[in-house]
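Order of writing sets the labels: A, B, C, D, E and F. Residues in every chain begin at 1.
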């Protein structure tokens, strides 16, 4: 009855050993630059705890996490108040995962945590393209003078990947200057996923990082986030778009950010984030799972 | 001014005497086997109180609860911690209603409370078929060893109704084994109500029990439930599906379960549950309501 | 660094001086007749505070509030418990704005606050027509004996505008008598915006007051209101309907009512109300904004 | 098993018939003049529902509600938005109770509901004295012009009982003018119950109305109220003060007001209000309860 | 940087290996028999997560958890809906700990989880005495027919320890019959800790189990529990009483039960429970910690 | 009726012009280094809005804010994610106030915002002493490597004021090393205000900065803070201690920090913070207010 080893907590069904895993999941509980309502720091911890309300099996993909090989690396202990140091720690963690030829899957935290993760992936894959699902452009050059801000994260990514390497979908909020800047420098699709199939076709064979700010979802299905924006996509639209990319591109890194559990009184947003995570993991693992014989 | 009789509380518009009523409404405030977030025990009480924010008139069906004959039997006092005893009490209450040739309409509580209600109806109608709206299969043979569990309720119903007598719609969560088992034993429609018209056609003339786990609704319109599952149906889809059944089949018993008011910070889920209840009552009473002359 | 003038608080981007403004925004924090769940009194205050999470730019209309000329008159200090006095104060405030040939835009409060605002506009434009978006008919002649009630507001408007001058959309709740009364006296469209284009065509060139009870939105996108009603419209449907009217008619007054921040645990309803407000302001200001040269 | 009479809901242990009862409990769910945070309208309803978490037995007084004879008259249906009409209804209800020689015990609602109840008692007992427990003076002559306001209720009582007939305890908030006015017209004890024994001695044999605004309690033990004021009394201090009065005076009417359940996230304030109510009822009934023989 | 072993989660400072530990902490997330507001099932999980807001050092005892040897065994996976089975699992877990000569420290869950833990300790120490801190007597013989209930737990303990072996403190709620029964069978101190020193003196040298229902605390300092009872003790009173026992008796088992995180909106109750736990652990470990040399 | 000047929002009763004011109030909405539960950034905004539930008159001091001369400078717009820049902005704002010979009174935000405010005051008064009320030592040299942290703020103050210039009261949480370090460098009083009179006597005539972390209050009266610590002081104890200092010393700067409105479901903590603020302002203004003649 009595388990004499220490209490292990992982996301449901993510109990592979590090050595056996192809995907390494980890949390970056950081939200120091969030200018409005903080709280995304609690997302990974809450998702891990609540994952036990989920099933490992997906009736959408007819796949089961029990057949996948995912290691949960826990949460990084990040320094609040020293943004650069926190980002450096995320970068080094992701780089270590990549060195072992595993795919890093980051759970935010605010969107800024994606920056060092993308940087680390870019260092391994210099021809990296980035697909960005979000309600917000995240293209400001700075926010009240700070270059490192949740509102600037994709602009900072552009600093190293450069023009034409970023595809943005679902965008419905930003400053005028950001939308106009995007016309020159990124592929920005307002409001929805129109043009996604075309993007996937163009990106075929290239290494792709997929960064999902969950506020791309409409607040009706995802109220639990700091800056909810009406007019977003449904869960099924997000699911289909995400699968298109996973099946059509070579995804080499990805993340889910901006769940804010303190704003999720019913728990439905956390449950939805977990379902997106499960389907993402299963989509990535599909080529490696043997069909079930029944 | 002063009312000298005791304070009576019923669902809005459900103020018929027992003798005159065709439908008997009652609450089963029980959630002891809920493995995740409890609280459905408060649903019937909260629905009764909040029903005064609703209108008795339906602009959808152009019918008014004031013309219906519904008795509200209040809430059963059920024993927490002794599941079998609680279920027995529900069974006996439903059986008494049926003996008087009235239709029992149960408000949960967790889904397990449907089991004794269906059992009682089955004892009167041995050729009973069951239509099941839910996000979850509820087909586990046991849950951590317990045969009587919210996760097993439809499996327990199958124990007595047998193969081919259960139609499931909207299902989008469960273990792999449950989905595979369903292929042999129930009619299971994943995700939506496709095939409902066909089912109604087949069930014409047969006694039908309709059990609605409100989490069949998408969390966007029904966050107030213990295990919200993204990708569900809209209120209007549920409304239309429910009316199809009520109009096309001989419904002899029904229930609404799994509202969890503690998770319904805005009250919108409770209001939606009440609207489903009103339309269900009006649909059932329609043949007995004389047209209004204006 | 130090600002030695007093602390000014306005809705984001609504910082014109009174003299320069074409639109005057003001709050009427009153909910005394709310029969069910009060709290709309906090809407304007909360919207003002939360507006700093919004952007001034609309990617929908490609317009920016920074180019608009809107004055924020703050919130009226209204007397709770003396309904007539509160309504008189709103009336006089709106009349003053109209005298200066500015458009009054009212933020409720409960829906009853629209009555004196519409009255003031009607006094200036005796051929006024009213377009009413709402889940509820609001056509009761009285509520528990009170003629001045949130449930009677449109009936009171009819008292002076008369038959055929009120267009109602999205209505899905009310007493039977209200729906039947509407057949004789107003244009009432149940459930949705069907027929709106036709109404706009008929109203071309006539002065129009647009009153939006935000509960016309489905509770999935707007749970934060006192009497949420399932089966409503989406944000995009509301946005499109609102723009049709603003572009097709001569809108001379308008309001947004019934946000209840205490019921908006996630803040998503407040954010949505703000987005509706921004688009309303930009739509009204569009003819006066010079195109940006980039 | 099946109860064929309508669903009766009373406060726990208050199930006497009207005829047999010495005390009549009733709720006045009204908060229209509340200038700050509304919600006391839900107090009586919530207290009734939550009373089932309480025991009928008091270990403090060694008495049991099962031996008391209390009738629960339910909640009045009061008109929001027409203050005078609502107060008239409360007055008439209380007057009816008094005519039958029963003691009216009112559950608010905001404090203004005490006014008509005290008026009705005063009409029967013209030498009535009033004992007032509160954090606030409630002695304004008007509030934004309204004479009938929660902030004026004791001033309005003074209008008919006159100088020296009102004893106030626990007061720690008000305008300067109110405190200065009180020096001339009432007995006002700041902060605590000092002098209560003396008051009781003076009031011996005279009819007394006891009105308890529950915010007299410190917010630490009673946060669930609209205007919490630090520096209040403890539950045991309130309990002892209340018992002193009940045992030392001839209490002919009383009330408990200003519980606001929407502000009571934990439920502890509602539970405390119920405990105060139980002890009040038992104290009043003590002379009529026969000792238990065990 | 990268930790390649699985994510371990323990209470702050409780990171000893099983072999080295003198105390084994474990959670029993069970609340199936809770008749009122459920949710204590989340207590151990939430306490573990929130413990990172606590310090390991106690300025009260000048001791540090870093010097203690405590193993955190995680949470048992208990069957909801089959009470006996859940209790058996707790019993076996505690028995295993005792077999290894370690002290079992249980975190509830509802109070019923203490029963099997006390039973296991009793089997090892047949002369066991029980000290019980609680607001409630917990002495019912059954609750709605169920012998195994949170309201009966101490009565069930009496079934095997017998008369005069149970000391109860802080009790302020129960049925009359329970208080009268206690006079014959237990040492029951109403309201406070009077007589505790005397009890400690009598129990000197005897094995003692200390069971703390945290609702013994006043709701002002501990609102986050299912049945808050006004008139309780302060944190410092509880702390001092607990230390008296730990220092004066031979404590061989203990527990903390009835924290309900869903009712703890501010987190203060969880933080207080953690502080009680820290001081309990440090008090128990004090004889084994070497003084710090600074 | 119509106010044509922009909407001004100040703390209740703090409506002096800058030139006339002796005290300048301002908010520093910053919480980026908060390691646990963020949200103090909303404190000043929420306090300003909620201040309208307070009275301007203090029955404790018999003084009225209407007779005081306080300017409300609004909230600074601080950069999240760049701690040094945010602190610099606070410093410069405070320095400007001091240059004009006014007293700066800062509303946090997290405790770190006190650092630049104290620094600015120290630059003017090099013999400054600091009195610190808090539950926590705040004496860490760094927190996860960051020197600028809420947990290090008093240590950073020590960096410039040096040994023996800091008096700490109410402290009941910290690392062992902090408590031991304090023995050499500060005057630290654990748990309460013992010794305060003595400190005041020693500090007579010296310039004093008073920094109040509101979590010095017991969580029973102040749950709305990020790291609540049981065993704190009552409101009246804090009030008396604060007045002792204001009356006995030459207070030249002060602050109130660590209210976290998101954790204050009932609003009682915000109301308490406001009452502390009112009494602080009145205490400071007392020498300048002429007695009222009545």
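Keep this in mind: contacts are C-beta pairs under 8 Å (C-beta built on N, C-alpha and C of every residue); 3 or more make two chains touch, one makes a residue touch a chain.
Protein names from UniProt, one per chain: A, B, C, D, E, F = Agmatinase.
Because the structure is a prediction, the values reported are computed rather than measured.
The minimum number of touch steps separating chain C (Agmatinase) from chain E (Agmatinase) is 2. The pair from A-B, B-D or A-F that reproduces the interface of D-E, where over half of the contact pairs by residue number are the same, turns out to be A-B. Ranking every chain by how far its Cα centroid lies from the centroid of chain A (Agmatinase), the top place goes to D. Chain B (Agmatinase) and chain C (Agmatinase) have centres, each the mean of its CA atoms, that are 38 Å apart.
The geometric centre of chain A (Agmatinase) is 55 Å away from that of chain D (Agmatinase), both derived from CA atoms. Residues of chain B (Agmatinase) found to touch two or more other chains are 218, 220-221, 223, 265.
On chain D (Agmatinase), the positions that touch chain F (Agmatinase) within their shared complex are 36-37, 171-176, 179-180, 190-191, 218-221, 223-224, 226-231, 263-265, 269.
For chain F (Agmatinase) in complex with chain C (Agmatinase), the residues that touch the partner chain are 1-10, 15, 17-19, 45, 49, 71-75, 89, 92-93, 96-97. Residues of chain A (Agmatinase) that touch chain B (Agmatinase) in their complex: 52-57, 59-60, 62, 64, 218, 220-221, 223, 235-236, 239, 265-268, 271-272, 275, 292, 294.
Put simply, chain E (Agmatinase) touches chain B (Agmatinase) in their complex at residues 31-35, 38-39, 41, 77-83, 85, 112, 143-146, 148-149, 262.
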